[in-house]
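Okay, so chain A shows up in both of these, paired with chain B first and chain C after.
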Partner chain A sequence: MRYFIEIARTGFTAVLLHPLRSAVTTACVVVLLLPFLVGLALSQGVEEEARDSIKFGADLYVSGDQFGRRVPIPLEAVQQVSEIEGVKQVTPRIVGGIVLGADNVDAVVVGLPIEHFPPEVTCVEGRLPRAGNRNELVVGTELAQRLKLHVGDLLPPFYHSSKGDRISEVVGLFDADAPLWQARLIFTLFDTAAEIFNQQGVATDLLVECRSGYQESIASTLQRDVAFPRGPGDGVVRTRVTSREELQAILPGGVAHRGGIFNLHFVLVFAVGIPVILVTSGLGLSERRREIGILKATGWQTDEVLLRNAVESLVLSLTGACIAILLAFVWLQWLNGYWIASIFLNGIDVSPGIRVPFRMAPVPVLFAFLLSLVLVMTGTLYSSWRASTVAPVEAMR
Partner chain B sequence: MTGKGITLQVFGLLLLSITAAAAVVWSLGNHHDGRTRNQEFQQMVGGLGTGPAVDLSSCPFSFDARLANGCRSDLGPIPGGVSYCREHGCSLFSCAKLHDPQAEKASHHAVFH
Partner chain C sequence: MPLYQTHHLCKHFRPGTDSIVRALDDISLQIDVGSFVLLRGSSGSGKTTLLALLGALERPTQGQVLFDGRNFGELSGVALARVRRRFGFVFQNFSLISGLPVWENITYPLIPRGLSSGRRFEIARRLLEQVGLLDRIIARPRELSGGEQQRVAFARALAGEPEVLLADEPTSNLDPDSAKDLIELLRKSHAQGMTVILASHDPQAAPCATQVFELESGRLKN
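Right after this comes the complex of A and B.
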């Protein structure tokens, strides 16, 4: 054992024998692993928030369907769905996209009836919209940042409605720590959203809360038996039902999720990484060949040389992986994913106005370390083996 | 190299590893405030958002899988076909479809625009 420890000690020594080579190899590992770790952490963060979105959302989402296409659902459906056995509550909702301001900033309008609003919220600075002469809006942080909106600001009419255009007032701003989907959100009353889109009497979906044990029967009744007339000559609108379980099933998870990530990074890491590390850590480095030649001439065996270089590779890859993990953490936690978040999360500014969600799970982190070990080992062991299998005189030449 | 130098190197490496492990554990920690805020927000809006997009401009499916059946940029079973949608974060956020998306992919009016 002592014999192996002594050889391992020389591996540590080798790291400092060529400080420039060690630094460049570590830097290569960091450069390769950093975007990989940041991307993984962001995707895990988004996934966790998406799970909350499904968990705390409705049991069933009902939308309209005509010829296989999603269409708005008439508000008469609320009454019809409420009468199905086991239905606790039906809430119509409008979700739609609009473009605002001179810079054409995309925003998402969500409208819900006032009865659905909670009495108190902490995720909004200001208050929730109320019914009145003005349209009252709660605006997402990124949108407010881009349009320079504050609580109390008045907006001139930004839409055309058959009911007339009205001034809107910003009554609240979402907290930056709220989920990322609040970034470009305009949250308002259902009627206000209907006016903004000039779509009266329809909703994009119905949120259905079910009594325990009734969810499946309600979903099948809705899909089988329920249809709504859309208007004279427009035929009927059938229902399309999405359950919580269906949504949970489609969330990226496990192997398939990693597979997607690997598709991207496989090409980058192996196509660029191995040749780079091969060059920086061994191939073409005459000093390394001479060093191995001297070791062989003084009685070292090939396996001892390889063990020494394996320890050296382990130290370099562990250092590189740890630095990459720490940099990824600093980038996401303290720099709030500055610039990199806008690459992975489309629509987010370079300096995000929201709290960027991230989660560094142990498995991807261990995978990153293994990847760095494979990279450095491939770079150093092959060249060391080549140098140690030739005659010492040849290696020292 | 002296024994002291190697000891320093080992300690440095250990410190680096422990700090990295601490960062991972911290990021995994149960951030109670964040969870409460998420719950409050999601209950208020009735469940919104499942993907990496923050608006509906080019891929509603990437904003919320409940709003569209599939990605309109999904080029199907060709290598990297699903990666061409810029909102899927280079396939990092690939997500299975809810229903058959063929009809919806042809439509640009799946949600209000």
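Right after this comes the complex of A and C.
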């Protein structure tokens, strides 16, 4: 045991024997791992936020369905759905995308009856739209910052409807428990949203709250019995019901899909990283070869030399991974994902005005250690093995 | 009693090409236990190559090296590494590891033997006392003169209590006084029963030798 400990100890000291090489190799590991860790932490943060939104959202989401496609649902459905046994509350909602400003900033308009505005939305400035008032908007703080909007600003002409061009007024700026909402959402009254999109008499979906134990029976009643004529010759609109549990089940798939694309990109970076480490580990290669030659000439066996170098690589990879994890945390926690969050999250500015959601989960952190180890080992052990398998005299030349 | 026997030993570089270099050609010799062997010859005569073959630092192109009855050519890499632990080497260019302090340089060969750093430090102290460099125990090689570096290299060669000490032109980079000191250290080691094989031009070494082999263009001179 002492034999291994003593050889391992020389691996530790070997890190300091070649400070330039150690520093450059560690820096390479950090540069490769840092975006990976930050990206995964942001992805986990967004997933967690989405989970919370689903958790505190409606029991059922009901939209129209035609030819297997999601379509708006007529407002008559509100009455019909309310009459189903076990339904506590039905809220019509309009959700739609718009483009704003000279820079064509994407935003999402959410129209709800004022009494059903989500409680987690609170105005930090101004007020919520008043019942009966049209064309009043409450804008997320981050979106307002990007568009340079303030309370009282008018947006002329904000939309063009069948009733002509309308001017809308920003009456409030909101903060939300889910910070990403602040980056993209505009809340308004249901009727205003209907005018913005020029879609009277329909909602994009209905949010249905159920009494305990009724959720399944309501869902099956909706799918089986509820349908609406959409208009002459347009056929029938059936309902499509998505439960909270189904949303929760779908969410990881979506996140995993994005994560998969991200991982794929990272594999490419990783593939580039190995030769980079190979090159950097070549710094001071002749000195290292000579050193290995001296060790072999003085009685070290090849496996002992390799063990020493493996410990050295292990120390370098652990150091690189630890620094990368620490920097990722600092970047997200203290620098609030400055610049990098805008790359990973849609609708976020270079200097985010919101608290960027992130979570350093244990699995990506462990994975980072593993990646780092594979990177450094692959990059360094080959050259060590080459040097330690030639005749000592040759290595020392 | 023979410690070494070589039979028709050859070392060729770039064999099979027009630019073949016959560093050693058909060397057959015998070295007895406890002898002080002097390998003499001009530069390029093959002294260093012969020393490397005797020290199992290189494999011959042809022929055999028998050490203590064992043919190096038949030994595995691990067995050769273990045989090398019975040798101590002193190289012409010192071959110290520049980033390590003197005491670590001396006892680095002992690490695979599982000795603790405390024990190794004690061994280094004893050896540095022998070579007169105890006050430089934590110095780095770059802080030492050539003569001091060679004495450190000599102490490293003795660290594993070798049976054979192989020294390749150890005095060629030293001033006359340092060279004299080193020859004296070699002589003392021989007096303690060690077999010493020295490749050197240095005339000071000649009186110590019990066996002399003269090399010319890779061949033994009669």
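By definition in this document, the second predicted complex is superposed on the first by the 348 of 397 C-alpha atoms of A that agree within 3 Å, B and C clash if a C-alpha of one lies under 4 Å from a C-alpha of the other, contacts with A are read in each partner's own complex, and residues count from 1 in each chain.
Assume contacts are C-beta pairs under 8 Å (C-beta built on N, C-alpha and C of every residue); 3 or more make two chains touch, one makes a residue touch a chain.
In this text, all values refer to a predicted model and were calculated from it rather than measured experimentally.
Engineer: With the two complexes superposed on chain A, say which partner A:Ile323 touches: chain B (first), chain C (second), both, or neither.
Structural biologist: first
Engineer: Compare chain B and chain C by how many residues of chain A each one touches, and report the one with more.
Structural biologist: Looking at chain B versus chain C, the one contacting more residues of chain A is B.
Engineer: With the two complexes superposed on chain A, say which partner A:Tyr3 touches: chain B (first), chain C (second), both, or neither.
Structural biologist: In the superposition, A:Tyr3 touches chain C alone.
Engineer: Which partner does A:Ala203 contact after superposing on A: first (chain B), second (chain C), both, neither?
Structural biologist: neither
Engineer: Kindly classify A:Met396 by the partners it touches after superposition: chain B alone (first), chain C alone (second), both, or neither?
Structural biologist: Only chain C is touched by A:Met396; chain B is not.
Engineer: For A:Glu291, is the partner it touches chain B (first), chain C (second), both, or none of the two (neither)?
Structural biologist: Only chain C is touched by A:Glu291; chain B is not.
Engineer: Under the stated touch criterion, which partner chain does A:Gln301 make contact with: chain B (first), chain C (second), both, or neither?
Structural biologist: In the superposed model, A:Gln301 contacts chain C only, not chain B.
Engineer: Using the superposition on chain A described above, determine whether A:Ala194 touches chain B (first), chain C (second), both, or neither.
Structural biologist: After superposing on A, A:Ala194 lies clear of both chain B and chain C.
Engineer: Which holds for A:Val81: it touches chain B only (first), chain C only (second), both, or neither?
Structural biologist: The answer is neither, since A:Val81 touches no partner chain.
Engineer: Thinking of the overlay built on chain A, is A:Val241 touched by chain B (first), by chain C (second), by both, or by neither?
Structural biologist: A:Val241 sits against neither chain B nor chain C.
Engineer: Share the list of chain A residues that count as touching for chain B in one structure and for chain C in the other.
Structural biologist: On chain A, the residues that contact chain B in one structure and chain C in the other are 9, 13, 16-17.
Engineer: Tell me, which parts of chain B touch chain A in their complex?
Structural biologist: So the residues of chain B touching chain A come out as 1, 5-6, 9-10, 13, 16-17, 19-20, 23-24, 26-28, 33-58, 60, 62-69, 80, 83, 86-87, 89-100, 102-104, 107, 109-113.
Engineer: Of all residues in chain A, which touch chain B in the complex?
Structural biologist: Within the complex, chain A touches chain B at residues 9, 12-13, 15-17, 39-43, 46, 49-50, 52-58, 61, 67-70, 72, 91, 93-97, 106-108, 110, 112, 116-118, 121-123, 140, 142, 174-175, 177-185, 187, 197, 199, 204-205, 207, 240, 242, 246-247, 249-252, 256-257, 260-261, 263-264, 315, 318-319, 321-323, 325-326, 329, 332-333, 343-348, 355, 358-362, 365.
Engineer: How about chain A: which of its residues touch chain C in the complex?
Structural biologist: Chain A residues touching chain C: 2-3, 6-7, 9-10, 13, 16-18, 287, 290-291, 293-304, 389, 391-394, 396.
Engineer: Sort out for me which residues of chain C touch chain A in the complex.
Structural biologist: Those in contact with chain A are residues 52, 55, 57-59, 77-78, 81-82, 84-85, 87, 89, 91, 95-100, 104, 108-109, 111-117, 156, 160.
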